[in-house]
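Both complexes shown next keep chain A, but they swap its partner, so chain B is in the first and chain C is in the second.
Moving on to the complex of A and B:
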């Protein structure tokens, strides 16, 4: 058990480091640029809508506190961390006076729901198909899917999402153009609402799956075609072990270990993709919120979303890392 | 040079990749003979469909789509190349040092490395834009993205250097009194170069993809013609709804050609680097 404890400690350390570096970058971006964010934000907010003088005064105070424009850089840095650890980003400017944390809390379930489902489907499907394609090399159908995966893989999320939207919501309108659920529906836990949510999520999820699938497919196929030549696989084949059993127990299981690490490593990129997907499909998650916040000049909201994004991606990576020993028993022993 | 010809002959993916990339390079090179200034708008009749005079039609902003595209392609390509070169320098430095020295230096560098791999870059880039607004030029963006995008490849380079460290010629160099800097730059660098080239392609795909995305959302300097800003302006003028499809189609087509070209080059180079797969391909060709 000693090895496992040490492993967990190391992963926790990595989690803290990711959050620390990420938040520090955020701090330096906002503090060491020549532009004064407080006045920029206030002028943007004032231009954005009717704002009373008291509100502006309150804003300036909150912003000064949030940016910590009092004191030297180190003091500012400490204040910044204090704010973030409390999860307190002040009121949103574009949806004044709703707190930023509330806006994020409202949008986060949408993003996580879409992202987790799409990522899991893409990962599982890509690995199964890739494993099959690596093992049954002469199958024409699997070869074709390989070509398709290779062709789709290098195209960025935005383009794929955009083309899907044009094809299936504009040229051949079988899916809705935008939104997370039907417009005049009240968010409630009943069948109509849930079905509507599912229906609206098909296209965004599909775009994420299509793009994500390719890299898992190719990774798995390469891994499997290497493992197939290993002695223990050949031995099992000669020993007359059922081919299906060889594929699932001897080949796939071993190939899944690096694929799991790959999943943890690429989570940040997957998250980037989800943000963009949301904007293209008008999905009411963190991504749409971020884009709107930038256009509205809502500094505290942008800062809040950046911070939450970094922390949640780091947390997701930590969860995958902690589940890793289940797949690779060597970690427990080492 | 001989390698290139060999690859062209034996590797169909490499040939297709080169061909696609050549299209892109020729199109961007044509920007130097463009009859129109890149910054001018309303120089031709707007919203003209593709014709003999304007082979890709004209935009709603009164620009010739084709000539606009040549400038956009040039800038996009330059952007990707700058990010790739800058981040290659960083990843080479960190990968070589970390792999050769090992021990505590390696552990520290690699924890930092893994951190940068995981951090979601998009929100941070948006934050940069948010603070800098229009003072964010593409050069600035390239530098920022290079500083954030080196990590994945640094790990690759490190793993190669680690295996080189235990090889005999390294021992020999140490005994013959070469300094660490000499060993790393003269003995190990040549082994790492193929990886540097193949990751360049992937890195370009990554950075151009992010640039397109940021631009399409309007989060870069939208007055610089790039593929992303072209799509941005087309969206701003609701080109699809207005039926000006050529304004969207051609930039998207161009960037897809670029992506697939770069990707095929990276794949075929990776295969070339790995002797096992190169051998099996040669057998197949024979």
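Moving on to the complex of A and C:
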């Protein structure tokens, strides 16, 4: 296992590098914008009434320190890293003085709960159906599901989302129009609340699964129809090996290797999907938070959310990289 | 025992003992690639009218150049055909100890029950027949565990290890992934895998083609050794005549989907009757002989549109008028010999063909 240890170290190094570079780029891009959050706050404060210049100067200094915008860009950059390493993204501007980290912590479970679950369900279902469809080529039911998946796939996600919303929340209102849970409930760990959360998540999850399923289905089916022509599959069939075993251990097992990479990439990218999903379904996650932050010019919040998504994408890739040698023995770990 | 439609294909081929039944009898087997391209039907006659009998404990070789239908024939024999390859006619009958089975007549046979226990297969491109993401041990479990009565996984593994040991393979190969083994090693593991259940019939399709000569020799020795030890019949296919000369008891020569000559290997090499066989044998290098080898002119025929009459006639130096129109019958020509050639067996020329024996060779 010496080789594997080295491999882990190497991947960890890459992870740190990617996160560092990604966050640095985000930092400099946001600081290139002409908006100065300190001045924005001051003008907002000044708009309430006449304030003495001394008071404004003091406010400016306090805010500078609070926002980490003292000194030149390099000094700010150093302060920024010092804070980030402690998990501190500074206060949000639009919800001043609530810290950005608290806003994110509040929104993150919603996004992760909905999108990670939906992505994984779509992945599992798509792979199982695609694998079966690729292996049992002549099965009519599986052929039909292939046509369905292929028909659904090219429809833009927001159209699927709106159609579901119109059909099942307006025309035939069996699901709620928006929100993450019933308005008059307080977030708590009890059955009523959890059921309400599940109930509210059905439509957004369904939209994500319907659209996500298609690409996994087609990818897996294509992979499987290639793999069934491989010598080791044909040989196992000649050997009279149990068909279900061939499908699971020979065909699917080999197709899983590239599909895992795909899963990692889409898990890392859930924050992209979050924006549209959460806007359409009025879901209280990171996506809604990001859209609000952009509208409000709340750049510390934007920076915080971006940082979180960079770290999670890199982490997803890292986890898959670490799992890869276990999945495919041919991957060189040295 | 069923009677053959073709004369001379009696049971007395290599084994004179008539009470011994052949393990495999193939009768008038025809398997074509039936292609339907936008309503245009095309047939590629890869296996045309082939009859073979293989006795217990016999090594039967099939020789022929590439695309002569060797692999299609043994795929059909192994019951491993997939569309577009379809059996158009004929029979494949296995007579195993206590179990006989007809592959292409009547109800679909339960092949999975005989596979590996009675009939196993060493495939062409054996290098890639092991699942790349699982250890070799898993392959043995998947293929053989249901046939070997062992009270536990451990006992089963002891059987496997004993078998590997007989073949001079270290038990450590069980823990290896296929990519960790060399090509020759992988091939030997595959042979061990194909023989661990001591099957009565083994089909080997070009098992040594991808190997260098030294490894090839070792693998051939191993195949022969294990065949002797378990007393199974072996159907061995390769285009390499020197391998056939060293290994096989009897040999069938295929040309363009048909069997053109058959006989005991030594007889066939000593006095080949069919012009094609003569060419195959004279093309072999001989120590001390420095005369240049003459190649056969032309190419094998397109099996979708084979020439009428004898399929070899466009390339045959001895072709006669009759060869153009009449398919030479595959007849007995001496003890244990069969040949399909009017030049070798002039008495098979049907009467009433004008200028039948006039040579057409250019």
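Please note the rule applied: the second predicted complex is superposed on the first by the 273 of 334 C-alpha atoms of A that agree within 3 Å, B and C clash if a C-alpha of one lies under 4 Å from a C-alpha of the other, contacts with A are read in each partner's own complex, and residues count from 1 in each chain.
Criterion: contacts are C-beta pairs under 8 Å (C-beta built on N, C-alpha and C of every residue); 3 or more make two chains touch, one makes a residue touch a chain.
These numbers come from a predicted model, not from an experiment.
J.: Identify the partner contact of A:122: answer first if only chain B is touched, second if only chain C is, both if each is, neither if none is.
T.: Neither partner.
J.: After lining up the shared chain so the two structures overlap, which partner does A:18 touch, if you call chain B first and chain C second: first, second, both or neither?
T.: Touch partner of A:18: chain B, not chain C.
J.: Figure out whether A:230 sits in contact with chain B (first) or chain C (second), or with both, or with neither.
T.: In the superposed model, A:230 contacts chain C only, not chain B.
J.: Counting only touches as set out at the top, which of chain B and chain C does A:155 meet: first, second, both, neither?
T.: first
J.: Does the superposition put A:313 against chain B (first), chain C (second), both, or neither?
T.: first
J.: Quick check on the superposed pair: does A:211 touch chain B, chain C, both, or neither? Answer first, second, both or neither.
T.: Touch status of A:211: no partner.
J.: Does chain B (first) or chain C (second) touch A:254, or do both, or does neither?
T.: Touch status of A:254: second partner only.
J.: In this superposed model, does chain C or chain B come into contact with more residues of chain A?
T.: Tallying touched residues of chain A, the top partner is B.
J.: Which chain A residues lie in the overlap of the chain B contact set and the chain C contact set?
T.: In chain A, nothing is touched by chain B and also by chain C.
J.: Across the complex, what residues on chain A touch chain B?
T.: Per the touch definition, chain A meets chain B at residues 13-14, 17-18, 21-22, 25-26, 29-30, 33, 35, 37, 40, 150-151, 153-159, 162-163, 166, 170, 264-265, 267-269, 271-272, 275-276, 279, 290-291, 294-295, 299, 302-303, 305-306, 309-310, 313-314, 317.
J.: In their shared complex, at which residues does chain A touch chain C?
T.: Per the stated touch rule, the residues are 230-232, 234-242, 245, 249-250, 253-254, 257, 327-330.
J.: Any idea which chain C residues touch chain A in the complex?
T.: 78, 80, 111-116, 120-121, 123, 125-126, 128-134, 138, 142-143, 146, 177, 179
J.: Touching residues of chain B toward chain A in the complex: what are they?
T.: On the chain B side, the touching residues are 111-112, 114-124, 126-133, 135, 152, 205, 208-210, 212-213, 216-219, 240, 252, 255-256, 259-260, 262-263, 267.
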